[in-house]
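One chain, chain A, links the two complexes that follow: it is found with chain B in the first and with chain C in the second.
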Partner chain A sequence: MCNTQGDTPIRLKRRPIAQSIENLDQLMNLEKGRMSRDLFWDRDIYEQELERIFARCWLFVGHESQIPKAGDYVSTYLGEDNVLIVRQKDGSVKGFLNTCPHRGNKVCFADLGNARQFVCNYHGWAFGIDGALKGMHASETYEAAGMDKSEHGLHPVAHVDSYRGLIFATLDPEAPSLAEYLGDMRYYLDAVFNMDEGGTEFIGGCVKSVIQCNWKYASENFVGDILHAGWTHDSGAKAMVGGPVAEVHKTPEQSYHVNFNGHGWEFNQDIVGNCATLGEKDLLKYLYVLQPKVAERLGELRSKMIGAISSCTLFPNTSFLPGQNTFRTWHPRGPGQIELHTWTFVNKSAPQEIKDKWRKGTMMTFSPSGVFEMDDGENWEYSTRSNAGFVTRQQDLYLGLGHDTRVEDTDLPGNVFQGQINEANQRAFYQRWLDLMKADSWKTVPQRDVPKMKEGV
Partner chain B sequence: MSQPILLLKRADLEPGKVRKCEVGGVALAVYNLNGTFYATQDGCTHATASLSEGDIVDDDCIACPVHDGTFHIPTGQPMSFPCEHPIRTFKVIDEGEDVLVDLDQESDEAADAV
Partner chain C sequence: MNAKTALPEIGVDAETQRRVEQFLYREARLLDNERWDDWLALMAEDIHYWMPTMENRRRADKNGTYAVDRGALYNDNLLDLTRRVTRFKQPTAWAEDPATRHAHVVAGIEVYQGEAPGEFIVHSTFVNYRSRVEKDNDLLVGRREDVLRAEGDSFRLARRKIIITQSVLMAKNLNTFL
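Right, the complex of A and B next:
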């Protein structure tokens, strides 16, 4: 695998693409709203996802506010590949696989911090924050062997870029730009990550948990499933706010599903619906006072999204909730397990007591012991585990809601559907999944969605 | 006693900074610790590394840029893993704007150390 091209050593070495699983098209019939359960159980499908989804897509790796200074780093995952995301002396951000190119041990065991170098515990290979191999224990012996240090730095990720403070990385040198990848979803991202001119920040630490479910059950829930809230979360809502979840299925005229490139956002226009579930009146006041200013910045529609009943997934495995302010990545750990990493985001310019209330709110609702997270985890675990049954896993699943709800006559970017009780986004998510799984490279991934936004915004 | 050799002008090195100087065929790391200048050998005693590429930490220690081991700048003594052997220090002579070094003598602090 030690391929080189010309004089430049390619340190991100890739195998030629593996042969695809046969008959992928038979896994779903989205027109009819039918889908196979193999997506959530089959080990070969999972291995192909690691290659064609996680080693190919732009994945969220951190928020700019986590690594403000040179040497600041976070350790995270691109699929199951552990990477270090490091602020450089020139202010740029680089990413490397967290593995020593000598014998493969991890070079960093902390989740985040500040480093002058990363030193491997095994033989003392030492790497600069730029990934270059700077030296090693018993360096004379390597010098005697004629080893060229410049050929043995940490393996870099292919690209790192950011949008509105959110940093993404891809392991595929052929990936489109981040702007193209996010496409028109950037219009909606601004409603949350650019509602205030000071931008957002992550506060507190990362809360991690393990859920025994397939990663797609979590991603597709946040991409468009508000339907479950009125049933699954009824008791949680009554505990937090003293009443049931709003009956959003009765007022589809004021809510939408929008999607682009498999990313999706379901949203109402009630300004504070999600936020209300945290049970903190001061947070509602904060949003109500901010809303007219957001309307000036971004227009009426997006100003009503800032804390509304809504959820979003950025394909494939990063999601967030406006108003509840939880931001999360569902890292895959085999077909039947995820490692969930969550953070709390807030507007940087918000008063400290407002930030503290949001942090408390996310802990009460969307942490491992949070009233809503526990509801979801149990559902996703049994949605996954039931497929252990040989006959059970041969029964199709249904995702056909909202087939005739496409809104054609609109200026809104992306694919727009009327009514947030819908499965349009879920179908778009799985269509993108299928497109990527079938494609040998980015060049052959069909561009189904036509952007209205310019690439460089 | 050999002739002191000019290292640099005081103004050429800010407080809290270190830089490499080659004099008389010897590579030195020269430090400005709050206005007091020091000089040591530039090479780390543990592995191949140029100490002048490291950072000054804990007020008066140099952290090796490779394994982050530290030496006490005034005395040259090793302070933390993996540094075990002291670095050579050199006597720095302050003459107004000029900073000079005597390659035959240790720093006063190293000479005073038991």
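Right, the complex of A and C next:
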């Protein structure tokens, strides 16, 4: 569908939204903890996820520290849309579809770098770092055709914003603000990305791999599934620390599931439990020294989250592990494949040798060669692939742990549930998924969660 | 590519060449047969076992495709390697049971004198094919640059740099050594 003749070309066109898949409500009964496997296999559902989730939500695109100087860029994805995230001369950040408006070729083939301009290999269209079309090979031919260069810049993403160094972008002009989208999850994000006044940075570049699984298996694992660790990761724990994973199910009074707008964080208050799996005593020491200072700035609870046994997913497809300091995005590649991009984050002010130990620690534990991640991929691949079976795929899945664990009487932001062995966050994740899949626009996405934080805070 | 050795390429006698080749072929067989402890015994105490990840950067970008302080799948000392082997040996290493079938193919072995007496710089190419359960098949192809150190009538591996062709690892994991 082209722009109507005479209209000013729209810089980021969107087709009217496709009709929603019928009977979405029947895909899950969260009250009973039941869910259909179609979510993980169905091609039509996947195509609507691209439209209603990935082309609509705020998605993580990079860390401020990756692009400090004007012209610095990273190439990443919003769903399957390849975008360039570029630092501007005024210090702001812009995002563009990585495609030439002339014939559609990619304008940048590097993963990252510094550019004065992006030049398409096909006909030499050259774009400034602000996305404007500056010139091209044999430009007089276009002048003769009366082409107006100002109408043919790179297609900008709808919005770019950041929180505590984490840069997000959305392809939906009607999306709520990032602050509203993250909502009360910002309170908890501060425990990791604002534990130190200097903030965080990404180090060591990006490690990428492919897993043949549905993206939601990865996201829902990090949104709340510490339960799997004690079983799946027994071998990794024995390799790194010589013993089994801590039995967190025995101390539910110390731990929580919290969620907001489909984002979720499971955590306990052991300060260094995740970090301990890296097998580096200096990192524990670093966190223990830091903890009282964090308590002064952010209070006792959050100071105990800085490296505790915990995991978080920001809806839909970005996750991280406090203490192990892996940050990752699960880019969807069809219903049965993801491309995993991982980084290591550290406090900017940490000593170099501490940063180096975290860089090695993420490699040893949560990378394709890591002793923990090694067993995750296989679980998610076969949880996905078994649904090839026509009858198999008609059988429900169970996610009913932790009913009646809601903590009503609390000052903590978000929806709070007692005990980190729980599936409350997973249910909230899928509820948000369902809300977005059913809604024709952001205006009709129900606001289920009541924020305690002010939007601007 | 950065981090290239600047040493002149001074060849070795045919017997040394043969013994180095034999060492690498045997090493490959130990890995194929999951003889992890025997494989670890080939490592020098100060082993640096390094497999950086590849970044797509413009040729003009001075940062290069990889660097020792950037992404890596291995950037290991002996303790790190030992930890990985410890996982392989656990009965709860679920992704290793049933066993993965490995084939390490080593070719193009060039041997040159190293920096220190008794050390050798060894270049080789490899093809690694892994098969798991029914149809999980993963292919990795690359090039290695080793430093071997003569010890007794054999060698120890003191340094290995592994460069693979893929920038996005087309596999869910890397459950082998290369």
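List of remarks:
Going forward, the second predicted complex is superposed on the first by the 449 of 457 C-alpha atoms of A that agree within 3 Å, B and C clash if a C-alpha of one lies under 4 Å from a C-alpha of the other, contacts with A are read in each partner's own complex, and residues count from 1 in each chain.
In the analysis below, a contact is a pair of C-beta atoms (placed from the backbone, for glycine too) under 8 Å apart; a residue touches a chain by one contact, two chains touch by 3 or more.
This is a predicted model, so every value here is computed, not measured.
With both structures placed on the common chain, the touch criterion links A:Glu174 to neither chain B nor chain C. Using the contact criterion defined above for the overlaid structures, shared-chain residue A:Gly124 touches chain B, although it does not reach chain C.
Contact with chain B, but none with chain C, is seen for A:Gly135 once the two complexes are overlaid on the shared chain.
Touched residues of chain A were counted for both chain B and chain C, and C has more of them.
Using the contact criterion defined above for the overlaid structures, shared-chain residue A:Glu197 touches neither chain B nor chain C, since it reaches no partner. By the document's definition of touching, of the two partners only chain C reaches A:Val207; chain B does not. When the two structures are aligned on the shared chain, A:Glu300 is found in touch with neither chain B nor chain C. Taken in their complex, chain B has these residues touching chain A: 46-49, 54-55, 63, 65-68, 82. Those residues of chain C that touch chain A in the shared complex are 51, 53, 55-58, 61, 63, 69-75, 80, 83-84, 86-87, 90, 92-95, 136, 167-175. Residue ranges of chain A in contact with chain C, taken from their complex: 109-114, 203-213, 231-232, 234-236, 238-240, 279, 339, 356, 359-360, 363-364, 367-369, 371, 373-375, 377-379, 381.
Touching chain B in their complex are the following residues of chain A: 116-117, 119, 124, 126, 128, 134-140, 143.
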